[in-house]
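We call the chains A, B, C and D, going by the order they appear; numbering starts again at 1 in every chain.
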Amino acid sequence: MIGPDIVRLVFPDPPACSFASDNTAGAHPAVIEALAAANDGPAVAYGDDPWTTRASDAIRAVFETDAEVLFAWGGTGANIVGLQAMLAPRDAIVCASSAHINVDECGAPERFLGAKLIDLDTPDGKLHPGLIEAEQVRIDGARGVVHHVQPRVLALTQATETGQVYSLAELDALIEAARVRDMLVHVDGARLANAISHLGCDPARVVQGVDVLSFGGTKNGLVHGEAIVLLRPDLVEAARFAQKQAAQLPSKMRYIAAQFSALLQDGRWLELAGHANAMAARLAAGVDGIHGVDLRHRPQANAVFAVLEPDVIDTLTRWTPFYVWDPAINEVRWMTSWQTTEADVDRFLEGVAIAAGAV
Amino acid sequence: MIGPDIVRLVFPDPPACSFASDNTAGAHPAVIEALAAANDGPAVAYGDDPWTTRASDAIRAVFETDAEVLFAWGGTGANIVGLQAMLAPRDAIVCASSAHINVDECGAPERFLGAKLIDLDTPDGKLHPGLIEAEQVRIDGARGVVHHVQPRVLALTQATETGQVYSLAELDALIEAARVRDMLVHVDGARLANAISHLGCDPARVVQGVDVLSFGGTKNGLVHGEAIVLLRPDLVEAARFAQKQAAQLPSKMRYIAAQFSALLQDGRWLELAGHANAMAARLAAGVDGIHGVDLRHRPQANAVFAVLEPDVIDTLTRWTPFYVWDPAINEVRWMTSWQTTEADVDRFLEGVAIAAGAV
Amino acid sequence: MIGPDIVRLVFPDPPACSFASDNTAGAHPAVIEALAAANDGPAVAYGDDPWTTRASDAIRAVFETDAEVLFAWGGTGANIVGLQAMLAPRDAIVCASSAHINVDECGAPERFLGAKLIDLDTPDGKLHPGLIEAEQVRIDGARGVVHHVQPRVLALTQATETGQVYSLAELDALIEAARVRDMLVHVDGARLANAISHLGCDPARVVQGVDVLSFGGTKNGLVHGEAIVLLRPDLVEAARFAQKQAAQLPSKMRYIAAQFSALLQDGRWLELAGHANAMAARLAAGVDGIHGVDLRHRPQANAVFAVLEPDVIDTLTRWTPFYVWDPAINEVRWMTSWQTTEADVDRFLEGVAIAAGAV
Amino acid sequence: MIGPDIVRLVFPDPPACSFASDNTAGAHPAVIEALAAANDGPAVAYGDDPWTTRASDAIRAVFETDAEVLFAWGGTGANIVGLQAMLAPRDAIVCASSAHINVDECGAPERFLGAKLIDLDTPDGKLHPGLIEAEQVRIDGARGVVHHVQPRVLALTQATETGQVYSLAELDALIEAARVRDMLVHVDGARLANAISHLGCDPARVVQGVDVLSFGGTKNGLVHGEAIVLLRPDLVEAARFAQKQAAQLPSKMRYIAAQFSALLQDGRWLELAGHANAMAARLAAGVDGIHGVDLRHRPQANAVFAVLEPDVIDTLTRWTPFYVWDPAINEVRWMTSWQTTEADVDRFLEGVAIAAGAV
């Protein structure tokens, strides 16, 4: 490992856009413009305004649905609101152990919903029907037995926290596994745009069979804003109250809505997500040839996972921040975003090469 | 009552800024500019950025404190986070029955905190020590008895939901009543700026003896944003986790922080609140002379409460929206904001006069 | 006030059965015998046993219903289980401010249900339709508005905590007031036997229009045991899970069930409650003539409320324990039970007379 | 598989005491006698009575501690009360995936505590320090990071749900693993007597380093009753309120306490548990020689786990009930209790032999 002084001498300036998180990116200029344009005098509060109607319509058009759309501030909040609408007090959520709701929301689901998460270990962060079948005792065997929580929601993350994307066939199989168990399907789509961009399919196709979608905006160029897309009409009333009760009902709703309209305009959302994906692919391709860096898998969305020597990790994080995903195996996560540039990637690769060579 | 067609004939255009809520106002242009300026490339997420540091410092300077400051999206969320940090599972909150936490948050405190609110009826929306003393059984008598919740937090609203402002002497007396009962003091300051403007005192004075403050920005010219000011260091850790768990931790924090900095710059926050108060005073003065409109009390902040004939209410709400506060006594609430103009007030007065005369 | 030494000299031995609570009474000998008789080798756990079937049938026979019956350990638990089955997360409970669920359960409803209790002040502990109508804003005005909790359950206590009994006409009027608001009716019947005994009516009559009943056993001669009577079939599944989740599902259910069978046999439950009521009436008649003791109202169940000089209260509680109900007005509560004897009452009256005379 | 008619012809009468659960056993006669003897006129409610004092003292004597003891009705309730006292809202519980709190309490911990359970897969139902260390990311990595719940309690079950017993060395190592992480230790001791009987050690030894113990009575010969042993004085106040709030505060406490005194008298609790263990050993020894029955492991407490052909399972459960523990591998669970006789075991073995031979 090389010391901090040497880092300063040996390394170039770090990349402008760090690879720590797609939350470090700013907002797209068109989003800021739309937000500013929405500041056009007074407007009715809590969503009964034309901006909110337009943004809801835009989301409905994208997913070819007449679903009700609610706008929330953040991803944890959006997840909680949608899940609350789907659950009775005795119900449980089945999810991957790496799911954001299971790991990264400080137990908000348990605290607010009072519900158990049945988290299934998955080698690659993806659920598949076989994993659900293997939980025969906890899922099928619990049905109707008062001693056990009742698995009611299958919660998927698309793209996953591990940067993978469910194929349409995988999605269909999971949704069928839920349906035969009388379970509903929730999709945490904080990075749904990245997944759709990877799949290259019609957006409507990825919500087929889904009951509630958290449709992410923040990580894809908004200041902040997530949409809760309620694809089952019978969940709307519960969700509307849950939104207020979970403190996710923006009083000046138009400013969230206007951002979404700008994001969805002329396919910008897929363009931005596609760029982030391309930057991850460029990064993966670049590190693939660097000795001492083992790619975990070919990136499908905007995350690259790699295994490095501990000393290399230490050196690199002195230069620019990122997360050690699993310290037990020295696995790191590098995220790209709509704002990451080719120059950022190339600069980062430069640093990786120096660090790897310097061990 | 006159019908909708006649309304169109007889009434002028309604005021641009409705009197339904101070949430109908937009954001101050300087706030939008600051938000846009914060969109300056990438930044560390979750508040570890210079905008957040600057805004926290500005709030600390205003209140002359070294308190920890957290930024949240909304008022309900800010209240919940602060209260969670103050409460053990057995603890209760004593508040006015008209308090926002008791009436207007869809039971978010009970759902998230699992805590009882002991709400005290108050003629004018204000608590006073006598009301607390009168609850000897529920408050003092409950102490240490496992059958009863333990009153732990006295929750005040400044200015109150009924547009009143606690005088400094009233505040001191209430805080003393809390202290002698070993209770903490929470202030819901969604409209604290309006209260300080009315009191004309040093901002630091209104948080003297207070443990946690929800310091409102949304109603005073922000897009959205509230600050949780933790005046007791021993509450900081619990509050930080509660913020995440309550889904009130903005990932791109800088955009909230930058707005607050703009609001606090050069006393803008007090200027805007003072203007809203002045508009309420103008409205109250104007209606005072209209036959058939009884002012409930001289406004102290940015709300006017009045009693009208039901027919007059019906006619007026066909023209421009506002809330019937208490239908049992035909009481209405008219709110002003930083964006309300003298022309809006005068136009509204014109309509009130027509409606009152048309009965 | 006379000192402790003088108390010993001047007062006779205190009554064997104190007037502090009907929980100080033991279990009826027939109940103990039935519990012991149920200890007849092994039996299937969790209620799938003949004792539970028989006791459920006995309760159904008494109330002339085919309702599902669940047995729980305690009154707070029974209330929580029944209420959970009736409530969505956004729903609220309307109750008297003196209700056990509001005052004496340490906030268990808020903690477990996450629900708000809208408690109405009542001069005599009884609700009536006028009180509900007076809450137009909080009850009718909240309907469908996401900012407010949705009043969904009207919770009555029969007999009330203040020893009053709703007449059948009063009950009918309250149930009608609930029905027109699409609210369900819960009855906390911890002392329902005392109420029925007072009313002298058919037990089935008091549950007419009721959706869920907590039918008390503990205060009427059981070791412990309460029944949750689910008069709406659509609440059964939710209640069965809530029972387990609220930790109110006795594994060896037969021992609770057998007690209930013994209690209901040959009208014993009404006989015991009638005796308790008679002892309260005897006590009330006795104190009525003692100078310095003001009866609050003629007792209808097994509680006597009276106002005494503070010194008299202090002296008496040195002799035998009881509760000061409202210290602000020096009101005390004296409870009788199935175990209180005429000698206990007469001895207590003796003490009251001495204390009142000694001031 | 043989049909129901043949079962009746071929099989003897089923054993009097089923092997489905140790909850099917009745109460020990001495326990019933003690309960009946406690029915000695009135007594102060909620535990301020001599029976409760005596039983608390007896438990303290057994564990050689001055811990506070609370009595609850059931095991789920006891667990919840103890855990509530140990947890802040942000805290999580680390437990084995097979733990009763994780699997068999219908999510009561999540509902009541609002806390996440971090459940670790264990091959044999036992935790060991290596499993905790392997969760570096979720346990050590979460410390102080607001995005993650804070692992605060290590919850052990002694004996485990899988009939295993932690050795003293294993316990010490786990407690040390908790201590170095600043975690508290909770023991679910619903079958602690069986564990101590197996270990043959001083009871005080098994609570060394433990912070809260749920000390089971129901499965070891009580009607119902569990004790919450608070080995840290600083948890007492929180636990006392949690007991009430969780609806686990028996009003007529003496009847629970008297049962415990009878159970602990003259070592009866260890005698009864030892008998149950011996019956499991006899059963295991008996099935060991039956072709087609594979013992999973040598029983250490009162449970036998075995793998059988599905047809054999079907046939046997038509004769006498028991649980299929893991249908994926055809594993069954057979429980013995204090009431199981040698004749019951031998009769059951007879049936197993017939069923296994009849395939």
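Quick note on the criterion: a contact is a pair of C-beta atoms (placed from the backbone, for glycine too) under 8 Å apart; a residue touches a chain by one contact, two chains touch by 3 or more.
Fair warning: this is a prediction, and the values are worked out from it, not measured in the lab.
Common neighbours of subunit A and subunit B under the contact definition above: C, D. Greatest Cα centroid separation from subunit D: this falls to B. For the pair subunit B and subunit D, the distance between mean C-alpha positions equals 51 Å. Per-chain Cα centroids separate subunit B from subunit C by 41 Å. Of all residues in subunit A, those that touch two or more other chains are 46, 89-90, 105-107, 111-112, 114, 146-147, 241, 244-245, 249. Every residue of subunit B that touches subunit D in the complex is listed here, in rising order: 46, 84, 88-90, 114, 146-147, 150, 238, 240-245, 249. Interface residues of subunit C, counted against subunit D in their complex, comprise 16-18, 20-21, 23-27, 29, 32, 35-36, 38-46, 73-77, 80, 105-108, 111-112, 218, 223-224, 241, 244-252, 255, 321, 337, 339.
Taken together, the subunit B residues at the contact with subunit C in this complex read 89-90, 92, 103-107, 110-112, 114-117, 121, 134, 136-138, 141, 146-149, 325-328.
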